[in-house]
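Quick one: structure below, then a few questions.
Order of writing sets the labels: A, B and C. Residues in every chain begin at 1.
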Amino acid sequence: MKTTAQARAPKNARKKLSKLARREELQGYLFILPWLIGLFGITLFPMLFSLYGSFTDYDVTSRMNFIGIDNYARMFADDPLFWKSLYNTLYYVALMVPLTTIGSVLLALMLNEKIAGMRVFRTIYYLPAVLSGVGVYFLWIQLLNPSTGLINTMLGWAGIPGPAWLSDPMWTKPAIIMMKLWSVGGGMLLYLASLQGVPSQLYESAKLDGASAFRRFWHITLPMISPVIFFDVVTSFIGGFQIFQEGYVMTDSGNGGPMGSLLFYNLYMWNQAFGLFNMGYAMAMAWVLFVIVLVLTLINLRMSKRWVYYEGGDD
Amino acid sequence: MKKKRFVYPLALVAVSLLLLLAACTPESRSSSGTPTAATGEEPKVTLDFWTFWGSETRRPIIEKIIDDFNQSQDRIMVKHTYLPFGDIWTKNLASIAAGNPADVIVNDYADVNLRASKNQNTDLSSYLAEDDIESRFYPELWNNVLYEDKAYALPFNTDTRLLYYNKEAFREAGLDPEQPPQTWAELEEYAQKLDKKSENGYEQVGFYPLWGDFGVDSWLINGDGGNGYFDESDQAAINTPGKVATLEWLKSWQDRLGRQTVDAMKADFGSGVSDPFISGKVAMYIQTGTYNTQIEEFGQDLDIGVAPIPEREAGSGHWSSGGGFVVEIPKGAAHPEEAWEFIKYLTDVDAQKYWAMENFDNVANIEAAEDPEANENPVYQASVENLADTKVFQVPLSASGYKDLINPHTDAVFLDKETPEQALEGAEKDVQALMSKNQ
Amino acid sequence: MGRPALSSTGKRKSGEPIDAYNVPVRKRRMKPREVFLFVLLSVGSLLFLLPLWWMISTSLKSPQEIAQYPPTFIPNEFHFENYVHTWQAAPFTLYAFNTLMLAFFAVVGNVLMNSFIAYGFARIAFRGKRFWFSVLLATMMIPGFVTLIPQYVLFSKLHLVGTYYPLIIPQFLGSAFYIFMLRQFYMGIPKELTEAAKIDGANHLYIWARIVIPLSKPALAAIAVFAFNGAWNDFLGPLLYVNDEVLYTLQIGLQSFRGSVQTQWNYLMAGSVIVLLPVIILFFLFQKYFIEGMNLTAGTKG
């Protein structure tokens, strides 16, 4: 790192500045050093190993022979479950990301008000995000019960006959998305933290200029929290593609629900890796997912230039 | 105040690093699975034994067995480690890969051959050559631990499925509580007599074949002369007349009750908290032998009977399905010979009998299973007798993962998206494609 | 199911909450709009509280009552002894101590190190920054399953399996998720605030510790809550890397109520409530950082 910085320095015309730039470079690397140690120490090897493994018939315990792109070829040409799991996951992500993002921004806006009992409200709305484990899934199985569950009971009040959520392949994924919406507290927390960073002077001057509440939201709040929205969207995409437990726990068969409608990508990958020990194949699946997420993130990154506003400058 | 703020993080790091050293150092020494030399005495070998039996009922039972073993000799010391069900095998795989596995682990009966082919468990044939204990076990279970004619595990326990029926409900419906249904036709006849309908839907359903612990797979065995998805030459035999007829029959139950009723009721009790049979929502119910312990705990007032699974027609066989767990020595375990001593003990009469009596669980050791003392319990006795009709199948290696291909097709039948013929034809085609790919 | 109701109403009113930014904190009568919001939030709260209530209610029931159909919403009899029983069923005091220790390291490590690293990515110009940042994002995109085994083998080769090190060390080496998150926050801090200090000759360490950290308290508080929650609920990590039951954590202990045959729901839920309590308390306490907010003028004066 040091050498590249030095090698570049002489090119710089003004010597004084180059010294400063070099100091800056050094400090930059000093700051990210802990992460670099982690990267080279514990993250990179498993990642590269899995990349190599994706070109082998690796089964963890007995073999690791190079087989070229066989895993990838098989996946695309010869594995209906791969496509099914990819479809299920894309469906889920496409609905879940926008809904949870909008949901958590709105919730954060409401919880950013200063009215009585706000501390308690915030704790309550964050609660579902803390709850984890089988208890939650079990509760939702009850809530989603087609005849006695709370959700269909409430739909019934509105005169809507509720579907058989977890046993009808058409409704299994919407059911899971609904469950995710209920735990938007984590995202809400982020936006809440970010809303605190919006200088109140901006609102005051906008108000003096006679801007409406909506205009103030659109032209001040939204740009100011846009870096966090960007973060939330990118990580929701990444996280959404990793959905696993729900398809595993919330269905009878435990293996992807009625007609495989909850066979998510990672669940299928898990079955390949730890059920059938086709680890090489699972690793290939992981890298295909990697490319998909990467492309989506890059698109996101491109588009972010248009709508993400960095007060501190983007360099 | 500002200065303090600057110092604070650094102090925290320092404190945490100190704590870190304090926290980790002693443990790293004590938790190695290698032999520990008892001071002054001859070296004792410590075995790590991983099970998923950590509940308040199971743990004392397995630990008593381990204690007995530890007392019985002074060469080997077994240490029990509980790991949650399911995750235990993830850890097993990782530790085999890293070369530091447990010495003995409880594993699923179904994939012994798959694990053997992947080099995950230890070939026991050299020990068996000196110490032939094959005759201890039910032959069906023994066949299951073989891979290329060598044993890679010892069967520990098994299970079988029986028809539980509510005698009180039988009496109310005018049925003889001592005459449970023998055939599918009788089953249907009884079930309809036992149905209790009110304007709000069913108060009691006589029987629905897919509630309880006997799924489509099991029914296909029952209705197809005891044959599984693969024939003796390991070819897929999914689209057979017997299986098509069975699937049609299963579908007819749903058609009669209505899919909505079935879905709604199943969602009410499928989750495990409120049991349909114990709460009287269902009059006949297929479950394993150990289900009886639940009845004893939650339904003391119930007057119940058990019977073999009804057969398709007189003489076609009361086939049931089974499963269970094996004990095996992970590949690369440090002390295979001592581990062998221990698994031999675990599957011997004493340990097996104790396990059977405490859990009312079917054990793999014939002598222990048929011990008169354990068989004083009528349900347990019925389950032991039922083992003769119970099928346990080894899946051909090339078909590993076949269930993910069959299930969507059978699901489709119950959603009216495929006919039974279409479903089984499609399933067979998919599984054959998988097998030819894997060969 | 609380969400759709909230968002539909929220959408109509989406512009309005902003008004409150100008409202002074001092006590006064609530405006009609605030009353409406209060009612809305209260109704939503009931729905959001449902799971907790269900957990508590189940935890106080007898096994017989749990098996009852239809399920009772309020227990007929309150079995408070379930909690005592749960705590004694396994060495939970020990597990709680273990978990607390792991959570402590997770909070300290994540709050400090991620903020440090994120500052580098957000506020220092250096060659290769874009490249390293892309790598950072990339590390998030590989599903953990496939790196689980090689990572385990790696720690095993380092002779660290069987200790807490594999669980603690990574907490001090930055997490891509938190680094990315804090970078987004730091990039939102106006340049003028740090530029002045820079001109005065302050180095980045000083700016980070004296200006950026105080300014990002809400974000750091969020990370503290996330990190605590993550370590507190981590299950697979301790399970894989610890070999001795003496080092088990609460989440592993809870699993012992889940049998392969039968689950003791009342104990499982009692345990879950106990395990949940510290997280709720922590969140409630840490909230002051969200409530206080960061008035930027105050920040620059400091």
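Brief remarks on what is shown
The working rule: a contact is a pair of C-beta atoms (placed from the backbone, for glycine too) under 8 Å apart; a residue touches a chain by one contact, two chains touch by 3 or more.
What you see is a predicted model; the values in this text were computed from it and never measured.
If chain A is removed from consideration, the chains that remain stay connected by touching as one piece.
Set against one another, A-B and A-C show the most C-beta pairs in contact at A-C. If you average the Cα atoms of chain A and of chain B, the two centres end up 36 Å apart. One simple way to say how far apart two chains are is to compare their mean CA positions; for chain A and chain C this gives 15 Å.
Multi-chain contact residues of chain B (touching two or more other chains) are listed as 90, 93, 97, 268, 273. Chain C has residues 70-71, 149, 235, 258, 265 in contact with two or more other chains. In chain A, the residues that reach two or more other chains under the touch definition are 60, 138, 142, 148, 274. Looking at the complex, you find that chain C touches chain A at residues 1-4, 6-7, 10-11, 14-23, 25, 30, 34, 37-38, 40-41, 44-45, 48-52, 54-55, 70-71, 113, 116-117, 119-129, 132, 135-147, 149-151, 154-155, 169-170, 172-174, 177, 179-181, 184-191, 194, 203-205, 208, 215, 218-219, 221-222, 225-226, 229, 233, 235, 251, 254, 258, 265, 268-269, 272, 276, 279-280, 283-284, 287, 290-291, 293-297. Against chain A, in their complex, chain B makes its touches with residues 89-90, 93, 96-97, 114, 117-120, 201, 260, 263-268, 270-271, 273, 331, 400-401, 403-405, 407-408, 411-412, 415, 417, 430, 433, 437. Within the complex formed with chain B, the residues of chain C that make contact are 63-64, 66-71, 89-90, 101, 104-105, 108-109, 112, 148-149, 152-153, 156-157, 159-165, 168, 209-210, 213-214, 235-236, 239-240, 242-247, 252, 255-265, 302. Against chain B, the residues of chain A that register as touching in their complex are 59-62, 74, 78, 80-81, 138, 141-142, 144-149, 164, 166-169, 252-253, 255-256, 258-260, 263, 268, 271-272, 274-277. Taken in their complex, chain B has these residues touching chain C: 2, 5-6, 9, 12-13, 16, 19-20, 23-24, 27-28, 30-33, 48, 52, 54-59, 81-85, 87, 90-91, 93-95, 97-100, 268-269, 272-275, 278-279, 281, 290, 293-294, 297-298.
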